[in-house]
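The following pair of complexes shares a single chain, chain A, combined with chain B in the former and chain C in the latter.
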Partner chain A sequence: MPSKTTTAPDRSKGNAGWGLKAAAWFGVLYLNLPILFIVLYGFTTDEASYSFPPPGLTTEWFAVTWSRQDFWDALALSVQVAFAAMAIAMVLGTLAAAAMYRFKFFGKEAVTLLILLPIALPGIVTGISLRSAFAIGDIPFSYITIVLGHATFCIVVVYNNAIARLRRSSPALIEASMDLGADTFQTFRHVILPNLATALLAGGMLAFALSFDEIIVTTFTAGQQETLPIWMFRQLARPHQRPVTNVAAIIVMIITFAPILAAYYLTRDTDDVAGSGK
Partner chain B sequence: MTAATRSLSNNLSTFLYQRPRFVLILLLLPPLLWLGIIYLGSLFTLLAQSFFSIDDFTAQVVYQPTLDTYARLFTATNLSIIFRTVMMAAVVTIISGIIAFPLAYYVARFASGRMKAFFYIAVMLPLWSNYLVRVYSWKLILAKEGAIHWAVNALGLGPVLDWILTLPVVEGSSLSTSYIGTTLTFVYIWLPFMVLPVQAALERVPRSLIEASSDLGAKPNETFRKVIFPLAIPGIAAGSIFTFSLTLGDYIIPQLIGSSRPFIGQAVYQFQGTAGDIPMAAAFAMVPIVIMAVYLTLAKRLGAFDAL
Partner chain C sequence: MGRISNDPPQFYINVTDLIMNSTTAAVSFNQVSRHFGAVKAVDAVSFDIKDGEFFAMLGPSGSGKTTCLRLIAGFEQPTEGHVLVHGADMNGVPPYDRDVNTVFQDYALFPHMSVLDNVAYGLMIRKVPAAERRRQAEEMLDMVALGGFGGRKPSQLSGGQRQRVALARALVNHPKVLLLDEPLGALDLKLREQMQVELKAIQRRVGITFVYVTHDQGEALSMSDRVAVFNQGKIEQLASPTELYENPATSFVAGFVGISNLLEGAAAKAVTGTEGACSIRPEKIHLDSAGSSVPANAMGVAGRVSAILYLGANTRYDVALPGGGELTVAVQNRDAHIEPKEGEDVQLWWEARHLMRFAR
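Moving on to the complex of A and B:
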């Protein structure tokens, strides 16, 4: 029998009924089981169809993917675009959040709508708008046009995270800092920024993810260049070496898993408390 | 820090403190310029394009304001494309809500510690991993020779599935070429966008409110119906903005999984691409904008903007 000295159950949380638990688990399995199929089919010997169970298992697709320069080019471009979009979105999103939190002004609602719009309107609208604008302005498609599109819909993610944290933090802290003689910059540096940092980081990582994933807007703004999603989409149309796409996906999942964990541990302490809102 | 820089920073600080308008402009101008020029500018370009038309013989855009393109938009074929897409977006949003709510509720109210970490990651990981490959994963699963057909046949239920696939709206030769497949994939892809705002809304419900409700004699399910659920509605509305809008504009999922009957996204894509009819593509792109404008107005009334 295990000793009873282990951590006491968190009584404030109560117990869920089995129906609720089952429904919650159903949701989680629905969200995650398909990913296992991606992994499984990365090892299949069947490169032309999707037969289940796989006729045989092999690791050769990892070597094939590794030697494909087009895969590395696409990965590199996606990472560069995502970092650039993330950086722009973090600056603009934070500025917008600070302004919206700190001030009341005429047209505030319109500004909220404007920030929200790029993600509230379907991606294809953003994509085709940008494309027609680039066409009329005679702007050639490049790395920059991809970043322009991505940063636009990433702003809202950073903005949301930053403003949520600002609303949650107490204005008394800022007043106390000012009362104790700190100027605006010192207050920002020593009070607001540490308070905001984890939310910004989490927002930045979401922005990175959003950009890294994007294919709908990118198709319209990329021209000849291939980001990883576009590379994969074209890869799907090729009848041979299908598992290469799966191997690429496995690599992407491994790379992105660490930041997700990091984001969670960074924001956990502040967000875990139920009812800690305004 | 030297005395000189300190006093400079002090002076600047005081200067800014006395001019809040100036600070507001300083903060708001960069994001507004970006969104105003790049985003709104593009949207207006698109809007303008929709009032031009294309010359049938030369296939060149005629830069003269006309409503011809909009007149051509409302044909029976296009209306059925719009209807099909809106129905799909509605069904996907409802199913996402039904699956997301218990998950979000369980995580917000009952899970703690490691369990909560596990569930958080289980929702975030699919959000992070490649969109396209996750769509592709359903192509693997739903294919005629894939896992679901295999499992159903192994259970001896093959004829039942075949019968379902012959039903009027569903019709398809396998799950991956039927609306069932398209719906399952859409829900799978957008589900995290529903779970996260709902969970956030539920976590904002103060525990004291729930305790007060039970102190005042409400049974647990009464508390749920009258206190918790109403407070979760802004979260649901916020999540539905994403599921609805993302479904309206997606052209990858219906292209890879489902029948060949087109959705709005595919129509727009084809008009601007293969057909080269930019005005028509622009006019067609106005359809989801109008639909989302109506939808956002409704969602705003439910408090969605505060729950984002």
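Moving on to the complex of A and C:
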């Protein structure tokens, strides 16, 4: 969270020097000023170009966006894909974390690397490799292929959150539960799951946010479908109704910011939200 | 623990009767081995733990005592042999189907549950109605002097309080056997001594068999009815604390339980006339000025003081022997006694019965 360095200085620890303050504010502006411009141009009266200052301000683009069926289709597809990718990631990521935590086996480090790889690889590499894999398998590009593409990197954030929490819990907890009469299922339900719950929820929300604004992998794994980011990208190339893109961007920001914020608050007292940096 | 002192004295006699008259052992090890690869953590061990007794398993780390505890709990299965709990063979029985409960070394309290829910966990699993399990859990918290702490989270308790919660969480299920895995290890000295007294009192009160694993010989001696001393996967000696201290069966036990002067080879021969290993407790040795006579029926040796350590209640003298070797003598600072300086010659003597000889 880059904003952490810029929160009000803790008076009990003394004041930061003015140089540090200036640098911090520069960092904040550098990161966030462009975003403010995106919001600003969502209200401009200039349809074809982004001139500064805007010739006038209007809210008509919200109405225009509202009436555009292609916008609604793209938004609906993105939400569906994000939920599906999140669901797959939560199941597989949790299982992978449980297995990696519980068992020692030959090649464990290599498998860990393989699980983490999709988030480290450039999206274009993941995208191209998935595209050729789907082509070899003769799988038609569809909603399913988009979900599969997103799931590759969504699994990582769930896995990271789950395994961080597991590593911090005492293995004696499971033994204690069994010692007190709980079988495997009861132990999972009453001890493991409640301990993992916030980490899983945080991981799932990050996965949702990652999937929702993904464009590179989607470009290679989508057929005729347009997710919201792709729709926005194509929208920019058109000469008229440009501010509609900005309105969509504002909506994307709101939809992705809420789960990331929630994930941060869910896990800040326990451990770092692994993967929140992406 | 006010209620304990109010109990009629017969209560204690009943417990003793129970120990003496019981026919089935609470826990029985029958030629039990547990191997981890080539490591024989437990090696063909056989012993019985009587019903209602406070039984300690004492030994250095890696001696097999904790593995034995885990074999009783069911977290380990024997490679060979059988573990019996109240006569029933436990081989293949998972931990949750055993009528034993454990107090873990790091307490293993569930961090997401309140103290009360922690204590009531076993009852909840056994589907005891909510009101009833709440009543029983609160009663148990009262017994460990934590009444009113039920609403807190384990993270809000001190180490000693967590330890009591762990004890209450196990005892509320009224197990046939309670297993304690170095439960006082994480506490400071003062609290540890206080908890030793309380644990012993609680055990007498509930009458449940306690199996207590520790590497602290002081703990084992102060609380237990009997102690099994473990070394390298085997039991060196199983005896009462007094027997263990006064009559150690092996040189390992003599060295591990209490402080001991172990003499071997030439040093032993110079003192006893034979080369076999022998040992004598520092407090059994009398310290006299050089040249004084040794009483009849006692054994003596002359030596020279090489180090003096004043310890308050007693003073420790290291005395070098002419035949090689060294004897540590502990002198109570109660009555007047000679106070030799470093380098002075002294005469040592002890009653012959206090000299312990070992085959190994």
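Note that the second predicted complex is superposed on the first by the 236 of 278 C-alpha atoms of A that agree within 3 Å, B and C clash if a C-alpha of one lies under 4 Å from a C-alpha of the other, contacts with A are read in each partner's own complex, and residues count from 1 in each chain.
Simple rule for what comes next: contacts are C-beta pairs under 8 Å (C-beta built on N, C-alpha and C of every residue); 3 or more make two chains touch, one makes a residue touch a chain.
These figures come from a predicted structure and were not determined experimentally.
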Touched partner set for A:Val125, first chain B, second chain C, both or neither: first
Touched partner set for A:His190, first chain B, second chain C, both or neither: second
Which superposed partner A:Thr152 touches (first chain B, second chain C, both, neither): first
Touching partner for A:Ala176 - first (chain B), second (chain C), both, neither: second
Partner, of chain C and chain B, that touches more residues belonging to chain A: B
Partner chain(s) touched by A:Leu20 [first = chain B, second = chain C, both, neither]: first
Residues of chain A at both interfaces, chain B in one complex, chain C in the other: 183, 186
Contact set on chain A toward chain C in their complex: 169-170, 172-173, 175-183, 186, 190-191, 194-195
Residues on chain C engaged by chain A in the complex (per definition of touch): 73-75, 94-96, 100-102, 104-106, 108-112, 121-122, 124-126, 169-170, 173
Touching residues (chain side chain A, partner chain B) in the complex: 10, 12-16, 20-21, 23-24, 26-28, 30-32, 34-35, 37-38, 41, 49-53, 88, 91-93, 95-96, 98-99, 102-103, 105, 111-126, 128-133, 135-136, 148, 151-152, 155, 160, 164, 183-186, 209, 212-216, 219, 228-229, 232-233, 236, 245-246, 248-249, 252-253, 256-257, 259-261, 263-264, 268, 271-272, 274-278
Chain B residues within the chain A interface of the complex: 9-10, 12-14, 16-17, 20, 23-24, 27-28, 30-32, 34-36, 38-43, 45-46, 49, 99-100, 102-103, 105-113, 116-117, 119-134, 136-141, 143, 145-147, 150, 188, 191-192, 195, 200, 203-209, 241-242, 245-246, 248-252, 256, 264-265, 268-269, 272, 278, 281-282, 285, 288-289, 292, 296, 305, 308
